[in-house]
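Okay, so here's the structure we're looking at.
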Amino acid sequence: MMEQFLENLVEECRGYIGEGNVATYIPELAKMDPNQLGICVISTTGKVYRAGEYMNPFTIQSVVKTIILLQALIDNGVDFVKERIGVEATGKPFDAINMRAGSLESQHINPMVNMGAIAMCSLIKGKTEKEKFERLLNLTRKLACNDKIEVNQDVYLSEKRTGHKNRALAYLLKSYGLIEGDVDEVLDTYFKACSISVNCEDLACIGYCFCSHGKLPRKEERVFESEYATYVNAILTTCGMYDGSGEFAINVGIPAKSGVGGGIMGVVPTRMGIGIFSPELDEKGNSLAGIRVLEKLSKEMYLSIF
Amino acid sequence: MMEQFLENLVEECRGYIGEGNVATYIPELAKMDPNQLGICVISTTGKVYRAGEYMNPFTIQSVVKTIILLQALIDNGVDFVKERIGVEATGKPFDAINMRAGSLESQHINPMVNMGAIAMCSLIKGKTEKEKFERLLNLTRKLACNDKIEVNQDVYLSEKRTGHKNRALAYLLKSYGLIEGDVDEVLDTYFKACSISVNCEDLACIGYCFCSHGKLPRKEERVFESEYATYVNAILTTCGMYDGSGEFAINVGIPAKSGVGGGIMGVVPTRMGIGIFSPELDEKGNSLAGIRVLEKLSKEMYLSIF
Amino acid sequence: MMEQFLENLVEECRGYIGEGNVATYIPELAKMDPNQLGICVISTTGKVYRAGEYMNPFTIQSVVKTIILLQALIDNGVDFVKERIGVEATGKPFDAINMRAGSLESQHINPMVNMGAIAMCSLIKGKTEKEKFERLLNLTRKLACNDKIEVNQDVYLSEKRTGHKNRALAYLLKSYGLIEGDVDEVLDTYFKACSISVNCEDLACIGYCFCSHGKLPRKEERVFESEYATYVNAILTTCGMYDGSGEFAINVGIPAKSGVGGGIMGVVPTRMGIGIFSPELDEKGNSLAGIRVLEKLSKEMYLSIF
Amino acid sequence: MMEQFLENLVEECRGYIGEGNVATYIPELAKMDPNQLGICVISTTGKVYRAGEYMNPFTIQSVVKTIILLQALIDNGVDFVKERIGVEATGKPFDAINMRAGSLESQHINPMVNMGAIAMCSLIKGKTEKEKFERLLNLTRKLACNDKIEVNQDVYLSEKRTGHKNRALAYLLKSYGLIEGDVDEVLDTYFKACSISVNCEDLACIGYCFCSHGKLPRKEERVFESEYATYVNAILTTCGMYDGSGEFAINVGIPAKSGVGGGIMGVVPTRMGIGIFSPELDEKGNSLAGIRVLEKLSKEMYLSIF
């Protein structure tokens, strides 16, 4: 019945395809077929529900910010991370430079904007940059219960070649002492992280771990501390949908994170993890049809936390 | 037992008194006795719990923004209000001017910052400014189940005399077409609204109405539409504690609104309404000891929505 | 010969009429006939040259900022004025709010932007607001060698009725302690000052006083200190043409001040005073044909100070 | 007599040494001996006057922006350069990011701020980056009448190693399409240009070329078009002393450019070129004692263009 409900939802929301635009700022992303819409839901009973193109791969893009934040929390604890990366909404687009009075301080960034995510990459522990990224990739695989997750090399190289704005943000962080280590290496980790290839089921499973405050579906094993889930879920609510977070909180009311690859990860605390994918974006950079799906799902199933 | 728990909480948090500062920007507020700390909780079972100086009066100040927003929603509906007053966090202090590229647009303000609240005052229906304010005052009394609520005239006159910044904000809104009607009259409504005198029990009762999605404690009567509560609760979470909302979401996780009078109204959806009062403020303008009480309450009773 | 040269210049530049727009933000200004172009030049030999509609009246608008600055300097001296009103370009339009990090300080304004000019009005000496304005009007008459100069009441009342943005700027200044006295009275002086009615010959004569470092044409009498002329001329060069000052310095190279009434006052140090009038403005608020006249005059007569 | 006057001036202004601070943001600059003050003046009669440590070498730093601008003008003409690099003051410090509404456009930068200067480097003609820099170095030598001018390798490498902020600015320009070519190569030209080693006599000679509108001292040869000198001198006046340009225009009134190496180049149109050197800087990044010398020189000799 739930599966049928999701099928209907997907078919209904396919009507929104054509109203948005596939991301073009990374040349490789522009090649995506816009006619895709999929969803996967994992409830706390452990049941998995799927509909549409739930198996199609896409790059995780900004959704990985939640995993980078989690890894940074695991490696450094809440206090250290909060001191280094602010937690307030910036009121600006994800790639904005939020300096004040000519100074860039930790409180001007947050984990869900590019500057904050790049800064967090330098907080991941590891002897080499390679080791740091592998730890992040392994955490992603573990949360998604999927050992086969890999980086999409074409997207990674495309981002690396064209990511001048992110390079600017990284050097700015460096010049104000907000990242340690070699800027190029930190950026490399960030570009790789954004290029991790996932599908809806992966995102639903990762979302589940946050909704369950650290446990994997159908397992008792705790992957991370409960308070890290609280941290992530709170940040997702206030800043997860970029400068559309306020509107999303009112209309949908589910902690969620979107990426320009078209993915959205939803976290309904204590109830379910959700993964959605549709490549066309609205003008704030969120999956257009994906948000519609999530909004209708929330309203029909009373999922809003408010 | 709950009452005992609250008593202990209040006594413990009295230790924070002395670390903040009573608001001074309105001369009349500066006269408040800093040695006050009170709390009232109304659970959805209808039980009322009290501790500390829960009966002491204080001016509602910015907490009234939630009631102005509710009145604007009741009078105009969700779509109209959302189009006129933005819903995104500004990333700036409550009295900031958030213009972009030399233009002030509805999306640059939100109901929890001064500009947004002043603009909302002009959305309240009424033939005269007097009628508009009386409707707002009556709504406040109804939500608080307290017919005796009145304006503190000394604070009102003090705000009116010294509120140059708010006057500047109002004329700015006027010059960009974001308020209708006479600026002085709109401001008068706003100054009066901020000067409404309440106590912890009033705030707890108002908070209860939002937590119950529109119902009064121990009554079946619906005062307002459920969707307006969702709207308010979502906005409280993303913007209710000014530019400390992100930190508060992580640490406390309760939709809440603070005022420089020292009050905090908390809303735990489906569970309880909370009123807290302590005059000393932290550097962001939130009751310092009040936040501590709310944080401990949330942690002990697992109230975080995240 | 010079007069013939000016005649030709005016006829040539009439061709630019139709490319700009008469100011509309003050309703009364929108009524101006756009088909006007006049010029008057007063050389240091005392000769007066005129062409076009040099006798037509228009309101002085922002050109009066130079006289307000001069009056403030006469009444308070260089050091006091410089401390109260900054002297750096803001890089923003004339009516912009140039706060930094949530604070408004004297260095964020300058005498040629609205906030600075309003703040300067409160530095004019006088027991009553009436006396203050009369002193300013008398200085204007003296500099223009024209006792008949009066306020255009229609424009004054139109500005007063619609000047919400200036009212906002004034209350902002008040809230940050940058103006003393009653805001409404200071604004009244400002609105009246902007509405002073002049013609090209008046502006040329005023410009002459600055070019001669304080002397009236054909007289030995010194109206003000030489250092005040240096102060004004320097400010005109860096900020006189709003955020088009840099372009103007390269193309024309003459200290000058424009007003949205269509007037431009030019000061060629030690050589001449210039008054120009044409109502249509470019997108930065400067007289479009007027700038063309000034540019050609400067190039033909090698007037650039650079 | 002039030489004696300069000697006295230098001795008098040595008293200001100790009130400023040697630049520290480039480690190599921090090693400079603060106890240096020198001046050289070249008048249009071709006479050269010297006093103090006029022979001591220092790196040209931001003074080179005038030469980069000149080279860009020579290579591309006035219209092209003006379209690519704005000419208005930004109202912000030299290394600020002056974006508006999330966009960076050519009008947000100017030739005297770092972003503008970096962007201009990409306008210099040359098949290779090496050739581009050599053309710039040759122009510098020609203007200074000194074939021995070279890059200070230690400073160059120090800037290259630590110039993260400039790297951020360059990538930002790149991401908004305001520089062409390889970012690292453009930056390399910029870092080398800033590290050119000069002395007061070199700067005086370069300043002379601008004051004479393109001619070398004691020669009839025209090195560049007169209109380029007008362009440079105008920009120097409005933006040459960073966000201290307004104050400097009032107090000194000489088109001038300072560098954090302690040098100031002054241009008195049609009268003289000036080179000054003293390593300690004021809080805006201008040579503190150097400005005092220039101010007194201007007042004593009536050099102000206002």
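Per-chain residue numbering starts at 1, and chain names A, B, C and D are given in the order in which the chains are listed.
Just so we're on the same page, a residue touches a chain if its C-beta (ideal position, glycine included) is under 8 Å from a C-beta of that chain, and two chains touch if they have at least 3 such contacts.
These figures come from a predicted structure and were not determined experimentally.
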Which neighbours do chain A and chain C have in common?
B, D
For the two copies chain B and chain D, what rotation in degrees overlays their C-alpha atoms? Round to the nearest 5.
180
Tell me which chain's centre, taken as the mean of its C-alpha atoms, is farthest from chain D.
B
When chain A touches chain B, do the two copies use mostly the same residue numbers, with over half shared, or different ones?
same
B-C versus C-D: which interface comes out with more C-beta contact pairs?
C-D
Inter-chain centre distance, chain B versus chain D - centres from mean C-alpha coordinates, in Å
55
Can you work out the whole-Å distance between the CA centroids of chain C and chain D?
32
Distance between chain centroids, defined by C-alpha means - chain B, chain C (Å):
47
Residues of chain B touching at least two other chains
92
Complex contact set, residues of chain D against chain C:
82, 86-92, 98, 110, 229-231, 233-235, 237-239, 243-247, 249-250, 253, 255, 269, 304-306
Chain B contact footprint on chain C (complex, rising order)
92-93, 96-97, 99, 102, 164-165, 167-172, 174-175, 183
